[in-house]
Amino acid sequence: MNFGVIGYGYWGPNVVRNLATLEGTQVLAIADLDAGARQRAQRAYPAIHVTADAREVLTSTKIDAIAVISPVWTHYELTKAALENGKHVFVEKPFTANTAQGQELVELAEKRNLKIMVDHTFLFTGAVKKISQLIDEGALGKLYYYDSTRVNLGLLQHDVNVLWDLAPHDLSIMDHLIKETPEAVVATGEKHLNDYEDVAYMTLYFPGKTIAHINVNWLSPVKVRMTLIGGERKMVVWNDLVADEKVRVYDRGVQTTTQEGMYKLLVNYRSGDMYAPRIEPAEALTQELKYFVDCITTGTDPINDGRAGLRVVRMLEAATKSLSTRGSLVKL
Amino acid sequence: MNFGVIGYGYWGPNVVRNLATLEGTQVLAIADLDAGARQRAQRAYPAIHVTADAREVLTSTKIDAIAVISPVWTHYELTKAALENGKHVFVEKPFTANTAQGQELVELAEKRNLKIMVDHTFLFTGAVKKISQLIDEGALGKLYYYDSTRVNLGLLQHDVNVLWDLAPHDLSIMDHLIKETPEAVVATGEKHLNDYEDVAYMTLYFPGKTIAHINVNWLSPVKVRMTLIGGERKMVVWNDLVADEKVRVYDRGVQTTTQEGMYKLLVNYRSGDMYAPRIEPAEALTQELKYFVDCITTGTDPINDGRAGLRVVRMLEAATKSLSTRGSLVKL
Amino acid sequence: MNFGVIGYGYWGPNVVRNLATLEGTQVLAIADLDAGARQRAQRAYPAIHVTADAREVLTSTKIDAIAVISPVWTHYELTKAALENGKHVFVEKPFTANTAQGQELVELAEKRNLKIMVDHTFLFTGAVKKISQLIDEGALGKLYYYDSTRVNLGLLQHDVNVLWDLAPHDLSIMDHLIKETPEAVVATGEKHLNDYEDVAYMTLYFPGKTIAHINVNWLSPVKVRMTLIGGERKMVVWNDLVADEKVRVYDRGVQTTTQEGMYKLLVNYRSGDMYAPRIEPAEALTQELKYFVDCITTGTDPINDGRAGLRVVRMLEAATKSLSTRGSLVKL
Amino acid sequence: MNFGVIGYGYWGPNVVRNLATLEGTQVLAIADLDAGARQRAQRAYPAIHVTADAREVLTSTKIDAIAVISPVWTHYELTKAALENGKHVFVEKPFTANTAQGQELVELAEKRNLKIMVDHTFLFTGAVKKISQLIDEGALGKLYYYDSTRVNLGLLQHDVNVLWDLAPHDLSIMDHLIKETPEAVVATGEKHLNDYEDVAYMTLYFPGKTIAHINVNWLSPVKVRMTLIGGERKMVVWNDLVADEKVRVYDRGVQTTTQEGMYKLLVNYRSGDMYAPRIEPAEALTQELKYFVDCITTGTDPINDGRAGLRVVRMLEAATKSLSTRGSLVKL
């Protein structure tokens, strides 16, 4: 399978390196508007055609699939052109800048019988795969909450707020783990340095009483990547920054029973063992790109297809609306 | 100074132990409705009068001050009676069950020239004193945000939600550190086990663009007590669960400048040293009670007086209102 | 059972508090040479006879057992007198100042049919009980090594080196967990501030190729209480300073097999799950004293009897000899 | 400056990558006996001559310096040949398999006026540079001890014990930081799986009462890289596994004074602030190779020259001798 890659900035080199290494895939062309990026690409891959003109990549008849690894405001146009040229698309997250764009691309891909994969890389980490397995097996029981903190001293973005920059990770993971669609969003936050929120908080209400919360912050002195998932039977703490034992499963919980005629609930606390399952150390992006090729070959819709990307964009859009009105509830 | 103590449950014994040890104070009477509590009190302090009848304590002519260490729904009535009997009052937090009660008690105390101290114990810890000093000296610069997480597998309360149980700590600390009054509150959360929220999130907007956020949860498998305070010049991480170096000060930050004619902001990141100042290990409650006696003796209003307690209650009340409407903005 | 307690310094109050609380035991007398200690004891326990003269305690006919909670150089004399007066003895660790003393006391107790329990408190913690259970069940397989670090900024002792102060903990735990007797000891260390080593390292060779190592240090800026136990099948990390998950069991290991005619060993690494069993939170000293009373009542020899205490003293004595010759091997 | 590299296994690719990137250096040839390694090298660097025959590299007249990145038992022969062919040598640690070899190479290099640099990479990390600066400035005061733990579940070596595999790191760092030469070594350890010790402990006595201890272990379930350095004025804890704040400086210590006629020492404990200086994040190997080129150009002897490498080998040799006699003191 022959790939073209558009965008060779921060993440593009990783995509190219993986596609160049995977069996059965090769990169034929790379496009980037930046001369420095083109120079780095050409030096690293003398045999690949490197160009400033994305059109050359999009229209090449030798290319089967395009990886769009460029800023979010370019995703719609580039993905649309790729699809119109009959190419499958692997596109960076967030999928598009708004819901309408995403909807249009999803429909276009379906009409053309082409695959879109949105780069929700975390779904392919050992940690998320393990948590997903635990939830699917019912080990956690009914889910009470999903609470994620993703903060660090980050590069301020000049075109999006911190939600659009950091929350797509959490939203795509949450969307994958919780098999429901949230019904409403509340978001709060503040702008301190430019016109975009640098600190933001997002609550998602699910129909079945699961509640999700996401804390994102570009102004934190320390880096935190911590997710708590509370279930009726077990609870999970995922700390992505530790080398070992990223995922910890706690046999802890609260259960209530009401006895006939009793005024008070009977609350039972369990405080049992903790265990940290072994996590597969394989590189997530490698797994994801391999899976993309498989999906194209077998005609399967990826778990992280355009619809999944669209769900994340819809939540971001609603959250931004809520943010601008200081926390009003926005239905999804 | 002679004290009476009403309530000898979980926290009462600590108050009695401290008052019995402090120079110049003694406890003359202890009241508790529970026979087991009375038995424990009498065994530990054979010389103190122990009774089931709070009236005996409230009306004793030998007693100068009353410590009200009972459930929140009793605070108003007991504090009012104490004030009416001419006693100073040390009252557990949250101060009262609603704003109206708090307002009335503050006015009554002022009219009678009596002191109310609300037991915002954390203000007297070495950690909060050190952070307070850093903020007052201007070491942090303009405050961007105050973000606190206080979660654990907690005792479900049968009469209040998790905000009223856990957030008074954070709100009283925040109120003390940030010298402004928030203008509005947004709160979200969910009930899973009974009629009270067991997971809740609270955002407070301040006029000067400081934003505060509080994450409280009774259903967390792990205990977290972590506060991040971001300032323009320095940032603080306070982890109350570590034995040493609870307070860390980071010489990290983001500063922006705009040059004439430049399209982009110039953003400068600082990533310098961290230091953990030595924290005074003295017991907070001891310091607080000593300070209460000093305030009474010298006629000074405590930093944690009835008005401070009332500000916390006002925020809790507003948050509960917001919670019940899924995050609508409630003005303060 | 009536107790007399000799020594009311740092640890004595804990012993008295427990004996005063346990069902079926009471403290009749406390002796301490220090007037301040006696004052504290009398104020806390008005009903107990407090005296400067240990003889009064040792010879009282109402007393069944003596707790000797005084400095190590007094243990021999006091324990001997207690035994001669027909009392059972609970004695602080290390048991005695040398092997000869310990040997004599063990024989005396046996002749008189009295029990000696040496206060190896750690054996009664949830952590050691859990590790002991794992080893006894064979979960760890053959033991490769026992490696313990016990360092902090400690009170320099004026009469013993750091080995006699800190290593009794590790040696008593090790002696309990590893069912073998070490055959030889090597110890190294250095004196920096007075005539006793403040930093020391101790290696113990066991017949079956298990090796133990103990690192003790009074001059460490941070406190470390960490023990690694490596077995053929599983390995344990015990960090006594964390609130939760003190004991972690790793399904990790190295196994070798040799194939016929193969030059190299075939080494297999296992890197599986980790789990942290729930640890019983009960106070160790309470468990230990309850067990002491049981042992006396039922005539059972405690696991931490005089012989166990003597084994620890023998290792300390040998280590000190090795230390003085800079690491020469001392046979046990 | 033109380089030849011998050995393209685990570490060789990093050396080649750095030399290929540094300004003013290039790699002309790579030799490796393993066909797979040669294939990887050729694919990554199509323009470099790749060969199975080290002689081609050693004798090439275009090459100025040789990097010997092969097993320790080949260092002597390859380095000697390189020097005899007039090449400067960058050689992997440990420098040689014994003292005699190292001594001969040092003398040969000096006679030929060629530079040897032993790859003590850690000396070029931000952490060691910072600690070195602190010691040289006198911030720590007189050094009491250097205590390092370097354990993990490691690849068992088939030709050397764990001391020769892991301790060169610690010994080269210690040699650099403590400006004295130790006078004697004691080492203990045990073999569990093959003919080489997999667990070992090493004590080094310095003339000025500084004591060093190194704990190395291939059979640890967890990875630890922790060094404690205790000084009279300040103390350092270096944890190399944390992302931030690897080096912590504690204003803690113990000082003694003796007053005339006083029986006891007066001991003062200080427990002040801790600070974590910002650590330069530059890649150590890049810094080291740049420095190598500078040393050759300017004729300077590197801090990690053949003599430094020889000092480390001498300590390893003495430790191995001590190990084989279960801890007997071996003079250096």
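Should a chain be cited, it is by its letter among A, B, C and D, assigned in written order, with residues numbered from 1 in that chain.
Note that in this section a contact is a pair of C-beta atoms (placed from the backbone, for glycine too) under 8 Å apart; a residue touches a chain by one contact, two chains touch by 3 or more.
Going by UniProt, the chains are A, B, C, D = Gfo/Idh/MocA family oxidoreductase.
Model, not experiment: these values are computed from the prediction.
S.K.: Based on CA centres, what chain would you say lies at the far end from chain A?
M.R.: Relative to chain A, the chain whose C-alpha centre sits farthest away is C.
S.K.: When I count C-beta pairs in contact, which pair ends up with more: A-C or A-B?
M.R.: A-B
S.K.: Taking each chain's centre as the mean position of its Cα atoms, how many Å separate chain B from chain C?
M.R.: Chain B and chain C have C-alpha centres separated by 42 Å.
S.K.: From the mean C-alpha coordinate of chain A to that of chain C, what's the distance rounded to whole Å?
M.R.: Roughly 53 Å, centre to centre.
S.K.: Approximately how many whole Å separate the CA-defined centres of chain A and chain B?
M.R.: 39
S.K.: Indicate the residues of chain D shared as contacts by at least two other chains.
M.R.: 222, 244, 271, 274 - these are the residues of chain D that touch more than one other chain.
S.K.: Touching residues of chain B toward chain D in the complex: what are they?
M.R.: Of all residues in chain B, those touching chain D are 244-245, 251, 271-278.
S.K.: Across the complex, what residues on chain D touch chain C?
M.R.: Within the complex, chain D contacts chain C at residues 144-145, 147, 149, 151, 153, 155-156, 158, 184, 186, 188-194, 198-199, 201, 203, 205, 209-211, 213, 215, 217-222, 228, 230, 235-237, 250, 252-254, 256, 264-265, 267, 269, 271, 274, 322, 325-329.
S.K.: Over in the complex, which chain C residues touch chain B? Could you list them?
M.R.: Touch list, chain C to chain B: 46, 222-223, 241, 243-244.
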